[in-house]
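Report on the following structure.
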Amino acid sequence: MSTKLDEFRTYRTRMNNRIGQIDHLGIKRFFNLDTNAYKDGALDGKTKELLGLVASTVLRCNDCVDYHLIQCVDAGWNDGELFDALNVALVVGGSIVIPHLRHAVETIDTLRSEHKGK
Amino acid sequence: MSTKLDEFRTYRTRMNNRIGQIDHLGIKRFFNLDTNAYKDGALDGKTKELLGLVASTVLRCNDCVDYHLIQCVDAGWNDGELFDALNVALVVGGSIVIPHLRHAVETIDTLRSEHKGK
Amino acid sequence: MSTKLDEFRTYRTRMNNRIGQIDHLGIKRFFNLDTNAYKDGALDGKTKELLGLVASTVLRCNDCVDYHLIQCVDAGWNDGELFDALNVALVVGGSIVIPHLRHAVETIDTLRSEHKGK
Amino acid sequence: MSTKLDEFRTYRTRMNNRIGQIDHLGIKRFFNLDTNAYKDGALDGKTKELLGLVASTVLRCNDCVDYHLIQCVDAGWNDGELFDALNVALVVGGSIVIPHLRHAVETIDTLRSEHKGK
Amino acid sequence: MSTKLDEFRTYRTRMNNRIGQIDHLGIKRFFNLDTNAYKDGALDGKTKELLGLVASTVLRCNDCVDYHLIQCVDAGWNDGELFDALNVALVVGGSIVIPHLRHAVETIDTLRSEHKGK
Amino acid sequence: MSTKLDEFRTYRTRMNNRIGQIDHLGIKRFFNLDTNAYKDGALDGKTKELLGLVASTVLRCNDCVDYHLIQCVDAGWNDGELFDALNVALVVGGSIVIPHLRHAVETIDTLRSEHKGK
């Protein structure tokens, strides 16, 4: 069965390809900069993905939360660590973050069940 | 010479004391919750302070950036690591974050010069 | 027929239960704090729900708007009063609030028709 | 086939009519003010629609983006110009804007295909 | 001694006069709309000022908080009621609101001491 | 006499130099991307500066407003055009934008008086 997360991944891939076709130099460079910001540097990439997750959550962007959760789970953060990071986002951002916390927890559960299904 | 950071610390202490006097149960509990969110848990407190810094930067709150920078330097993050975290905030939050990046770098420099002065 | 509001209520209940299972002390305390913030105090709960509605509207969170509208209608605010509160939110938050005003009015209409159906 | 954009247009018309029925003087005046802000003045309406598009994109409101894209295409902005404006929004607002960039590009493509279908 | 609040009032009056001189029809109408939004209607003006205060606090605008606090004190809200409203703003908006809570409490104290001085 | 705008320019130059010294590749690239976003392209640079002004105003960043006003005046926008753009920002962003409108008008006046002084 196709999940909400599958739909996001399909849509994201399709539209990122379409944006690539536009071939706008500024937009392409921004996408590169965005990718590079999460690579190992003074901080390792794993830590940076958690920073990206918290930034996305307090700014209340579900698609961004989903993207960074996929990366965070890939990077090896466990559920307890993810919930602890989301708690920081909740306290910083307030109750207005709660709908995005619900979404994040649903996505974490989907990602774990995908992993079991493999 | 008194720095902008000294003024923030003095003002913060004075007004937090005043807010304590108000004795509003909900506000007091929120302040406790806020303090506890950065204690060692599934994630260690050092990592959580970095999460708090990035959240404060993308939400563009200079006082919050200052507070979390004080905590981050206390927790042992070095300049390279702090700049790498601020870069994630810059990419997520965009050029609107730049004035807060300037402020953050000024505060980091103040904190390092305080440390040398000891 | 199931409405958008029914879907929100079902999803909200399911995910709040799931978040309860996580049993993260900070998150649980935040949810308690959130519930308590709207109880009778120096201000009565009815007034506080209206404050929550306006805060949710200017912060542009449809799920939060729906939640506070359910509470506001339960608390006895009539349509004229709700529209007057939403007008304050519109003026403070600007035309970017209009899509959330549309959503709020749709939810108010759903809530009133549910009431008639009883 | 009905597109996401068609659904937005239908919903927007239906709910704007419903909001008109409410007959709240403040809300009606706000809607008039909003319409008038994009009329020819010291700046021509075409330029103002592009300003509205960029404002909507950095504030991350898909419905507002759709509305201003419809107006921008009507006003005669071409794709290259729209992408250049969206690039300004992306740099100002950061990677958190990317999901709304995807949405904007999808809407531009829908609008162009509607035009061809005529 | 001139307070921060005095400076805000002087600056606000001077610049509002200057904006009046500009004589831009849209801007003038917006200012009228803004004034009218807080007049007695289905909700009384006193309640609406409290809505304006909470909206300003969660949107984190100190000047707007000051303006609405002046109006709220004039309208007769007491300290306990104002703190209870600010607590709603704190829970909705999160710890990022705390610097604005400090500012609000300082302004309330200034307003009360002005009153005693009369 | 040194104006608030002079202070901003001095501070901005000093801290941008300091950020340059840090020599973080991601941050340097972001600053380049930011500069390039306002160069002539499908849209001319003059139009893009106005887009940057409106984006900065609705996101409520005074330093960003000042920077883009300097650029807009350099690019040849007159006062009537700037006020018309700020009116779009006011309607989109709401009364919460008013303090930034005051700031913008003050900066425009400073820029015009600097020009007369030359």
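Each chain carries a letter (A, B, C, D, E and F) given by its place in the written order, and its residues are counted from 1.
The rule we apply is simple: contacts are C-beta pairs under 8 Å (C-beta built on N, C-alpha and C of every residue); 3 or more make two chains touch, one makes a residue touch a chain.
These numbers come from a predicted model, not from an experiment.
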item: Minimum number of chain-to-chain contact steps, subunit A to subunit D; value: 1
item: Same-site or different-site touching of subunit D by its copy subunit F, using the half cut; value: same
item: Magnitude of the superposing rotation for subunit C and subunit F (Cα, nearest 5°); value: 180
item: Inter-centroid spacing, subunit E versus subunit D (mean Cα positions, whole Å); value: 32
item: Rounded Å distance between subunit C and subunit D, as computed from the means of their C-alpha atoms; value: 27
item: Centroid spacing, where centroids are CA-atom means, of subunit B and subunit D in whole angstrom; value: 37
item: Interface hub residues of subunit E, defined as touching at least two other chains; value: 26, 30, 33-34, 37, 41, 55-56, 58-59, 64, 83-84, 87, 90-93, 95-96
item: Chain contact topology (line, ring, star, complete or other); value: complete
item: Residues on subunit F engaged by subunit E in the complex (per definition of touch); value: 60, 79, 83-84, 86-87, 90-91, 95-96, 98-99, 101-102, 105-106, 109
item: Touch list for subunit C against partner subunit B, complex; value: 25-26, 29-30, 33, 36-37, 41
item: List of subunit C residues in touch with subunit E within their complex; value: 33-34, 37-38, 41-43, 47-48, 50-52, 54-56, 58-59, 64, 78, 80-81, 83-85, 87-89, 91-93
item: Residues of subunit A touching subunit E in the complex; value: 58, 90-97
item: Residue numbers on subunit F that touch subunit B, as the complex places them; value: 11-12, 15-16, 18-19, 22, 24, 26-27, 30-31, 34, 55-56, 59, 61, 63-64
